[in-house]
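In the two complexes below, subunit A is the common chain; its partner is subunit B in one and subunit C in the other.
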Partner chain A sequence: MIRFISIRLLTYVILAFVATSFAYLLAASLMHPEEVLYPPAATEPVPHQTAQLYLNTRNINPDTPLFERYANWLGGLIRGDLGVTTGTNKSMVPVFDELKTRIPISLRLIVLGTVIGTALGIILGMVAAVRRDSLGDRASTLLAFFLLSLPTPVIILIVQQTNQLIMDGTGWGLPAINPINPLLEAGSWESIRYQIKALVMPTIVLALAAAASYSRYMKVTTLDVLGSDYLRTARAKGLTRGRAMNRHGLRMALIPMGQYFAFAVGGAFSGSLFVELMFNWQGIGRFVISAIAMADVNGTAGVVLYTAILTLISATFADFLQGALDPRIR
Partner chain B sequence: MSEPILSVRDLSVSFPSEYGTVHAVSNLSYEVHKGEALAIVGESGSGKSVSSLAVMGLLPRNATVSGEIELLGRKLFTMDDGQLSTLRGNTISMVFQDPLSALTPVFQVGKQIAEVVRIHHPEVSVSRADRRAIELLEAVGIPEPARRATQYPHEYSGGMRQRAMIAMAIANEPEMIIADEPTTALDVTIQAQVMDLLKSAQEMLGAATVLITHDMGVVAGFADRVLVMKDSQMVETGGVDEIFYRPREEYTRSLLAAVPRVDLAESEGSKSIAGSALRHVADPAAGSTVSTPREQRPTVLEVEDLHRIYPITKGALVRRKIGEQRAVDGISFDIREGECLALVGESGCGKTTTLMEIMQLRAPQQGAIRVNGTEVQDLTRKERAALRSDVTIVFQDPMAALDPRMPIADILKEPMRVQGYTKERMDERVEWLLKTVGLLPEHAARFPTEFSGGQRQRVGVARALACDPKLIVLDEPTSALDVTVQAGVLAMLADLKVRLGVSFLFVSHDLSVVRHISDRIAVMRKGKIVELGDTEDVFSDPQHEYSRELLSAVPIPDPEIARQRRRDVIDRSAFKGVGGAAAGAGTAS
Partner chain C sequence: MTNPQDIRSTGDAAQLRASTDPEANPVLGAAVGDTNTSTPGGDPENISGLELIESLSRGELLRRRFLRSTSAWFGMIIFALLVLMAVFGPMIYQYGPFERDLRNALTGPSMYHWLGVNENGLDIFARTLQGLRISLVIGIGTAFLTSFLALAVGIVAGYVGNKGKWGAIADGGLVNLINLFLVIPSLLLLMLFSPVLQQATWLWMIPLLAGFAWMLTARVLRAMTQQLVRTEYVEAARFMGVNPLITMTRHIIPNIASWIIIDTTLGVSAAILGETGLSFIGFGIQYPQVSLGTVLQDYNISAPYTWIPPAAVLAALVISINLMGEALRDALDPTSGSSRL
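Then we have the complex of A and B:
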């Protein structure tokens, strides 16, 4: 078992390294931070010396060969240094620090959204399959396809507008944007309550999107299980329909769902890009969008490293889930 | 006679479908008394399984049911699911057809058996129920029951799973057991063991039993009474001797006649009607066989010391060989012109691997394959392609072996097109081929879905015949077909062998099927041929112990003979829990 886990870990380190290297090489060869240095509005050109110095300290000089820059970046990576933010962001904040402050903000959103979304999707999908062709099945199917066909920003707008309507009508509502209220004293009860309230709407958006696709998968696997011989055996043993489904069917239906879980986290991350933009959260999603926009090579590669690790962790979690559910693959 | 345990009166079941209402069962009535075994016999689609699911109350929800079913005086159709659940598994239990899928894969077998005890006797403690499961496993003859109880279904073989299913069915000493094709998915030797077990279990409990099957051979040894069904209706019912020796209805007679007999040689044919249909077609075959002795006829296929060994590897990144599976382990045989060699063995013995090695026409791992005297490993790519028309194959499942989007004519033309036949010649041959296999030329424009299983298998044979092959490999060609259809296809094959002088390599797990078609038999076991000889010799005087075992396991559709062969196999003391409980407790803790 220890051997298995260490091999697993090694392959994951290699995978994460390969993914990040690809991202760095792509970003370094396609982005042109030297161009964004000279905005057209500038009245006089930056002296050559200054420009070179600027580019060299940030390891983004296009005159340095690509692989030399890559080697420099690798050297930093081994020391745990992901470089500094580049592009038009002149503050030279280490990417690592930037990620460290932003990951907690994004992660709670993604984790909560995925967990609530998958749980909701599993319940809805199972109920829809068991009560096939009932009103509930039709309604949840319709809702799922409605949500799946909408772009995430539209879902966000719908949620925000609904909140606004409630607020207009009752005078009580959730904070429209921002994860924290800077006016409240940090660490105070008031501040924490605000943070929780602020979390509700973005989580609803992510959970809805996850539940919509998850309920579809779950309905299909449950329908498979419902037609299976072992469920008939369980019924022939004397279990009622509901008990047979709970004891024998549910676990079998969940086995294939374990693998989808890994994808669900990836989906939640891309969903969080819009959510963070439109709710004004200073998380990873917002950071990566601006990093790409201002040709921040190091920042982009850093975020890819984070998403690679996130995906691999969720894949491992999915494997554990499957192992727990299915004795055949243990 | 005592009160019936189960009485079914005027039962009708129908399902809505795209083509209107399908009547699966129409006006079926029967009674089963205590200690009595009733066999419901019929071909696929005759409604036998649906009628038993109706008794269990496990029909799909879209089914429309009418009539009356009474179990121990209680009317089942007036009860709801919860009330029925208290009967299922306790008063009435069921053994299903496919043991591979009938157990939940993610729970230990012992737990699944203990569950049926706990459902109906919640007062029994978990550990007591687990011990009971071990006793039951011991009673049905599972070795090392305490260890086996903690294993999962995928660690059991097919026969053991069916034993576990039987253990589950008898756990609460039910008054009524329904067995739905309990041995169809099993090998013939395992089938005999499972049927013996089921019979002993029934006798021990004194339960009323309904056995649903398509196999008259299984019925003969098991049932007291027989009910024959066809197209959702009852054809005939009566005592087992009556049905077998004095059948009244034409359909019953044809069903009996279609069952091939292993115990009767051709000369004894007059005594029994069973298998006579087959024998009639096989007779001219015997008479008109080329009189040249076997040794002087040219050899079509020669297999010499063939090996196929699969390595068992471990590890994801670095593959290491930790063992090997000797799928085919040094077998040799030859087939002469106009001869049929039957390759017989149970699943996993290497039959299919042998076929694939031959069909590949490539150099084997070890040994040699010669077709018409040429070594296949010396062939150029072009020669190999040309040789493919000489060695053709008919597959097991006629439903899956034909492209559903191609009309029959195209299916038949494809091999000819590959070999470069002209268009006129192909059209001519399609007509001839269809007639040869007993179909009509106008069938050429139809699609496979418009044909029945037997007709599709005829198309498969026609396709194999398309380019005048020397050798046709038949991979279990009739095992997916109903008995009456099977007899027809076998008769056609016997006829083809004589008329066209083509050789067959007939692979089958069923000895009774090959008796009347093969000239020689090779019995295969664990990758080796244990016995190879003339069909008559193998049947009348099997040399190898395994051949004898195979022969004795084949069910014989004759109640008297079958009754003599029965053995008592259930471990009664283990079932009663005497001694078994102590042993179970000792090993479990």
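Then we have the complex of A and C:
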């Protein structure tokens, strides 16, 4: 079990490293930070010396060979330094600090949305499979089909519009923009209550999107399990339907879900990107959109590293779950 | 759907065929017909008398099963309507997708602007129809390209996997390449590439989206190919010295074709959703063109008519494609309800 997990972990670390390097090289070769430095509207050209100095301190000088820049960046990565933000922002904020303030904001969304969505999806999928062709099964399958046919922005718009309609009608509604209210005193009960209220709608969106796909997968795997021999044996031994399902079926149905979970975090990241954009949360998603738009090479690479680590952690977690659930691996 | 385990003797088949009227029982008739084609020239005097009863071909069978489902009809009708709208839309609308009517900015549906005007004075009807065109082209193009890429990678990885050391290395490399693509959210890489390629033409969106969508399908196709490579007829072909390319096209692709067809259909909707998301955050279709995602971008929560038309068209498009895909899956799947006798 330990050997199995450590081999998997090693593979993931290598994958994450390769992925981040790949992303850095891509960003460094595709983006043109010098074009952001010299806007076409500038009347007076920046002196060559100044420009070179500016680009060199940020390790984004296009005159430096690509692999030298990459080596510099790698050296920084080993020391735990991800470089500084570039682009129109001249203040040289370390990317690490920028990520540190933004990760809690995004992670809160991703973790809550994924956990609630997974739990909801597993329960719905299982119920739909066990009570096949019942009213609940039909309703949940139809809802999942409908949700999977909508892009995340449209789901967000529907939720926001519903909230707006309720607000117009009753005068009471959830805050639609900003995770915190700057007017309220930080740390006060009012402020915390606002934060919780602001979290509701984004979580609904992410949980719905996750639950829709999880319930579908769960339904398929549970149907497989329901037709299996060992479940029939368990029933033949005299276990009730529910007990047999809980003791033998659920565990086997969850095993394939683990592997799916590993790569679903990438989907959750994309989902949270839209949520942050449309609910005006200053998280990683908004940061990466502006970073790519402003040709911020270091910032983009930092975000890719973050997503790779996120995938790595969730994949390890999935393997761990699989090891705990599946007796054949232990 | 040819199941290698399902081998009936010709005697059984003849007996079945004699007792079954193919018209009344198309499935069984076709199944019997299958056994007939798979053993050409076997026992002529046994079959000759029964050859007169015609059985359904596989294509005909599929067509019947597909048309039997209501959801397939719904999907086809909605999709056909949307395609007609996309084709003939530009003949109807009075304002172009980029004509600004700032005087009427943010007004609801009226006689001149059928679906209203957004904040920037752009006609929503014209933009939605124009966006529908782009989304359709991108969706269909991407789906075909994705299936092709997935087919190439999946089959090669699955076929080569058990061909000695180098084959295993190549297979491992391809698997790791697939995993690598899955580690980075493809949205990020799309955002990196898209602005660069968009400078050339918006059609670059098709290979770009396809380049980041083939991985999961390729994984499945690889697993399916690995199973097929172990079957007797592929082994036999190999021992007869048949060229691997011919083996692939003649023995492997027909067996996984049904899966590919379903996946291509569902891939259309996936591509449309991907493109919409990308355009929505401003990294997709750029100015001289407009896609449904770009139209959605100009939403205004206090004026629902700014986003409901593009969202409704988008939902109708994706739902109609998914309905057809699911119906196709049911038609091709012998264990599903639609194949009941």
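The rule we apply is simple: the second predicted complex is superposed on the first by the 317 of 330 C-alpha atoms of A that agree within 3 Å, B and C clash if a C-alpha of one lies under 4 Å from a C-alpha of the other, contacts with A are read in each partner's own complex, and residues count from 1 in each chain.
Quick note on the criterion: a contact is a pair of C-beta atoms (placed from the backbone, for glycine too) under 8 Å apart; a residue touches a chain by one contact, two chains touch by 3 or more.
Quick caveat: nothing in here was measured; it's all calculated off a predicted structure.
Asks: Once the structures are superposed on A, label A:288 by its partner contacts, choosing first (subunit B), second (subunit C), both or neither.
Replies: So A:288 only meets subunit C here.
Asks: Can A:7 be said to touch subunit B (first), subunit C (second), both, or neither?
Replies: A:7 contacts subunit B only, not subunit C.
Asks: Contact-wise, after the overlay, does A:149 reach subunit B, subunit C, both or neither (first, second, both, neither)?
Replies: second
Asks: Does the superposition put A:328 against subunit B (first), subunit C (second), both, or neither?
Replies: Only subunit B is touched by A:328; subunit C is not.
Asks: With both complexes superposed on chain A, which partner does A:198 reach: first (subunit B), second (subunit C), both or neither?
Replies: After superposition on chain A, A:198 lies in contact with neither partner.
Asks: With both complexes superposed on chain A, which partner does A:28 reach: first (subunit B), second (subunit C), both or neither?
Replies: In the superposition, A:28 contacts neither subunit B nor subunit C.
Asks: Looking at the overlay, does A:255 come into contact with subunit B only (first), subunit C only (second), both, or neither?
Replies: Only subunit B is touched by A:255; subunit C is not.
Asks: With both complexes overlaid on chain A, does A:232 touch subunit B (first), subunit C (second), both or neither?
Replies: A:232: touches subunit B, not subunit C.
Asks: Determine, for the superposed model, which of the two partners subunit B and subunit C contacts more residues of subunit A.
Replies: C
Asks: Which residues would you name on subunit A as touching subunit B in one complex and subunit C in the other?
Replies: none
Asks: Name, in rising order, each residue of subunit A that touches subunit B in their complex.
Replies: Where subunit A meets subunit B, its residues are 7, 11, 228-230, 232-241, 247-248, 251-252, 255, 325-328.
Asks: Can you tell me which positions in subunit B touch subunit A when the two form their complex?
Replies: Touching subunit A: residues 56, 58, 81-82, 85-90, 93-94, 96, 98, 101-108, 115-116, 119-120, 152, 154, 165, 168, 316-317 of subunit B.
Asks: Mind listing the subunit A positions that touch subunit C in their complex?
Replies: On the subunit A side, the touching residues are 15-16, 18-19, 22-23, 26-27, 30-31, 145-146, 148-154, 157-158, 160-161, 164, 176, 263, 266-267, 269-270, 273-274, 277, 288-289, 292-293, 300, 303-304, 307-308, 311-312.
Asks: Can you check the complex and tell me which residues of subunit C touch subunit A?
Replies: 176, 179-180, 182-189, 191-193, 195-196, 269, 273, 276-277, 280-283, 293, 296, 299, 301-302, 304, 307, 311, 314-315, 318-319, 322
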